[in-house]
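So the structure is just underneath, and the comments pick up after that.
Letters A, B and C mark the chains in the order given here, with residues in each chain numbered from 1 onward.
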Amino acid sequence: MHELLLFASVPAHQHHELLQQLAGLTAMQPRHRLERRLVFKAYRKPGLVTTRVGASQDVQGADLQRLNKMLNGGMYYTQVVGPVTKADFGATSLSAMSASHDADVSMSGTDQSSYCYENQPWKLEFRDIPEAGTRSAVTTRLMASASLPKGDIAVPMNAWGYSFVTEYMVEGDVFVQNDIVIFLHRVLLYPQAESQDLHGPRRQLPAYHELTPLERTGSYVLQAAITVQDGSNQEMMKTASQHLFGLREQLKSAVRLEQADRLSLDTRAK
Amino acid sequence: MSDSFTLPLRPLLEKRERPDTLPQEIAQINAQYGSFRDVTEESLRATIAEEKNKDPWAEEDEAEKPAAEVDTTERMDQLYKRRAEITQFAMQAHMEALFALDFVSLLLSKHTPRQAELSMSAYLKQVAPLGSLNAEIVNPPPKSEAALQDIKTVSRGWRIQNFNAAANKLLRSATRLETEVASETKYWDEVLAVKNKGWKVCRLPRDRQALGVQYGFLEATPIFRDRGLAALRRADDGSLLLDKGLIPQKIRTVRVRVKTQGQFTGCSKVSWSLTNADSIEGRILQARDTVYEEELFHEMVREARIMGSQGVTTRQNLVQVPVSEEQEVLLDLVDVDQGEPADTESLSNEHDTLADAVAHSIRILLAYAHRQNLRRRTQPPPPLTPKRRHVPEYQLLRPVMAYLQHTAHVRSLESFMGDIVGVLKAAGLRCGFTSAPFSSVRLPTVHASVPKVETLVKQFLMPFESTFTGNLLTPESSFCVKVRTNTVSPPSGTYFEITVNLPHHPEVKPPSRIGLPTEAAAALAHFMLLDIVTTIANKGVKSPEGTDAGKGVLSWEAAYAHHGELRALSGSGNNKKMKVSLSREELTVQTYPLRGVDVSGSAEKGKTANPRSQSWRADSSESRPSLMEFVEEVSQDRP
Amino acid sequence: MSSLTPDQIKTLEQSRQRLVQLTHSLASLITSLNQSDPLPSWTSLQSQATIISNNLLTISDHLSDNRDLLATLVAYPSPSYPSRNPANTVALEQLLRTKLDPRVEDWVARGRKAAGAAGNGNGLDDLGALAELWDWAPVEANQEARRRNWGGNFTLEEREQGVGNVVTGLRRVLEDDDDDSESEEGESGEEEGEGEPDEMEIVGVRRKSGVGQGLEFDIAPVSATAASGPGHAGQQKVVAPVVPLDEILRFMTVGIMPSQR
């Protein structure tokens, strides 16, 4: 599968207005989306892995095949994405935090969220580096995704030859216009992100309000994406980019959708 | 406008002194109106009124007044005439100005020849050499008082006229602006009223200057979705006009009629009176309803085309859906104001309610389809492939047809069962059944993610199932009939699934699927018959030892149970044969004497005894012995 | 009898120049009339008419300013004029004609008649009053105009009574929106609040200094919304993102913090 994309940066003050504009354009209510995103990095050469994943009972056979193909193809960064809801976040209030000096104790003490790491579903989202030198003004890249076992994903990922790099939260709203998925989102960081980075995915979620935007002015990223089943079908690829250009034109007065800097989406692990 | 004040924009005219003498006036009147005899007071008053409103410049403006009445070609003519006039004036003015220029240039050419020559016409240069005009300052005699006075008069006259003209123009503009403001205010008030009613008011995509109102359905097929927008135009007086463009203004609706045995027995309500249909709100509602109705019909025709195998036919503007053997539903798109069409000779209004129910159902189902479209549209789309996504036909007719067919089948089976039970009751047999029509339809349990109405409607899109259960005469015998109807996915149609529990006939297995109701009924009747035969046989088994009358009483055993035949063998040679037959009309039991076990030799000897027969009908009022009494009687060991 | 002084020649030269202008504008009007079918756009027609009218006014002013000179200046053919040729004579007569053109004559007569119809005598008092009225009117009209708010979405009266009370029906709020985004809109605002998203333009009008006629417009952004609760006014500030898009995407892809590069 191939993915064609356009991006735009949306200043915080424009966010609300743009939400309304998108709702009007797509004639739908925004769908709020919260995702845990884990970044993994391949640490050994491909072709060495034949490990079977332990808890793979909820992974379909076809998915498993695809997984093996994806993960053994080369040295890449890859993302593991898990949907969460606001209810999954801890109930820790700021006052509770300040009352106790030991943040961890207070968090585990008052955490009444229903979040269960063992039941967290995951999806592997593989993205290649965008194609170089394409004449059309869209970002085009090879993509694939597959379901992963639920729960602790670091172990099977390690078995596949991937080590945990970091994780963050993505918050935003999804709109659909015909074939295009429009995702107006931003990156939220966990508190004390650094100390967690080395170990692995967190098993608990902090209170939602403790997350801080990566872009501290609170700006959003607008991403318009369209997927094409067969990337070698030039006709389809052309149609897809034309659809994106159509959207770019419609949103022209609000935002400037552009191709992304290719190297900023470089997933190769060197 | 509130603190109005008046300004005397026009010059105050003094009462005219009468410089004209009478003879002159008479001459004038004669010239203007002809003979005095034709002059009436009325005509004079009219003339005066006319004159009053007249502008001093009227000579020029007059031609414009009837402009509204003349048609476009005349207007073009007029336009070109005016254009020629303008051009002529301009050329004249140009010539005069050139004369003046030539004159001054020639005069100057004596002093500044080089400059002056530049502005001299070619012709002048030809006829007058440079510097051929002299000029001197002289002292002319002063102008006469009369001449000065005349100049003043002329100047005053023109100034008055010009003031007047300017005043008129201002006042006219003010009036025009005032009416314009009034009609703009009216227009916007009405737009606001529309908006306040909850309609979506927006700019038109193709005509950015105009406002439009969105009344259509976003989830409809594109051709109908795009028709759901009409311009809100302003009439001259400011009232709101709903401009649907090229789409005809007709109000149309889907009509449902029921035909029973070839004659119309029901029709849905076609026109419903809208409260103040002439208001803008009313017109928007009508437009909305019409676009919905037309989409409904369009989608029904689309669906009907894939239902050909189920007997649905489409004609140009008619869809016919068979419901049962004798009933069909007809759907067409009609004009609302057309009134009762002549082609519907209605036999009765017996099925009006049914027609209305169908009419409501298909509309609800279209609304449901719209919701499904929204759901589908807002899900992340599948990857782009060269294959175009097929838009599945909506389920409009199929659920209705399924429901009606199912009802018909269930009713017919129910009445069959009722008849049988009635017959058996008349024969003194206790037997009952319970029916659970539409047992598959369950009220929705609440799901937060899906609105209640949707779960409710969804129930009617699934296969329908009804069940009949009952106990038979022999203990522990029972039957169960499941009636399923499915028109959405193959296999379509209704089928019956019968299970029976006959401990005495464990070998009996009903066919797993019965397609025809008559076959299902026949199968059921057959099981009943088997059961009756078993009951009679059982009775025989019990009596010999259990009763005093054991002696001399024959006991029956089933010979050919599937044909309802029993046999009783007697030690005294009074062998007998019994034949039981069961239909929904009656139960009949016949006995024949049967001499000897050897059937071959029994025929001629059997004639000596009388065959006996008894039948029971549900409706017969005369009292008869019950089946068991009859059996007991014929069980006596005598001929 | 005296010959012309340089000053007088200069006056005549000015007349010549003004006539040149007039003939030019008339010629261009004729050209544009001829070149368009049926008529030039009314705006261009009107502007040409204005130019011609101004030309005429200039000439008229010039003529009356130099009335003394021009009334006593007499032109006559010099001996060098080749008057033997009859054609030349006709041309000369045309140039030197003093009698009014019949149509001008007619125009004068209409003026005379109009004055007669309005009543004779009685001097120019009524005209004086009218002239006064017409001098007063444009000034007054401008003053009235200045009190009005042209181009804004609200009238001055509406603003004085508080624009919050005005029913515009134009509020665009997302349906079913949750409270978060609702409050984000958090309208707070005082008059002349700077650059808030919901601002609108209100145009002030004032008389240009010096010249009696003509208005000047100035556009001042004024918050359209009346003051309401404190809300999240801070979020409304226009702040450009500090992290460039590609840095965000890089973080999302490989987890490198923007500041680490």
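FYI, contacts are C-beta pairs under 8 Å (C-beta built on N, C-alpha and C of every residue); 3 or more make two chains touch, one makes a residue touch a chain.
These numbers come from a predicted model, not from an experiment.
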Chain closest to the middle, measuring from C-alpha centroids that were averaged per chain: B
More contacts between chains, A-C or A-B: A-C
CA centroid of chain B to CA centroid of chain C, Å: 55
Euclidean distance of C-alpha centroids - chain A vs chain B, Å: 46
Geometric centre distance via CA averages, chain C-chain A, whole Å: 58
Per-residue overlap in chain A, given as positions that touch at least 2 other chains: 29
Residue list for chain C, restricted to those that touch at least two other chains: none
Contact set on chain B toward chain A in their complex: 218, 374, 377-386
Chain B-facing residues of chain C, complex: 1-4, 8-9, 12-13, 15-16, 19-20, 22-23, 26-27, 29-30, 33-34, 38-39, 69, 71-78, 80-82, 85, 87-88, 91-92, 94-96, 101, 108, 110-120, 122, 124, 126-127, 130, 133-134, 137, 167, 169
Residues on chain C engaged by chain A in the complex (per definition of touch): 172-176, 181, 184-185, 197, 235-255, 258
Complex interface listing, chain A residues touching chain C: 7-9, 11-17, 19-20, 23, 29, 37, 39, 41, 77, 127, 165-166, 168, 170, 187, 197, 214-219, 221, 260-261, 263-267
Sites on chain B touched by chain C in the complex: 7-9, 11-17, 19, 56, 76, 79-80, 83, 86-87, 90-91, 93-94, 96-108, 110-112, 115-116, 119, 123-124, 127-129, 131-140, 150, 152-161, 163, 166, 192, 195-196
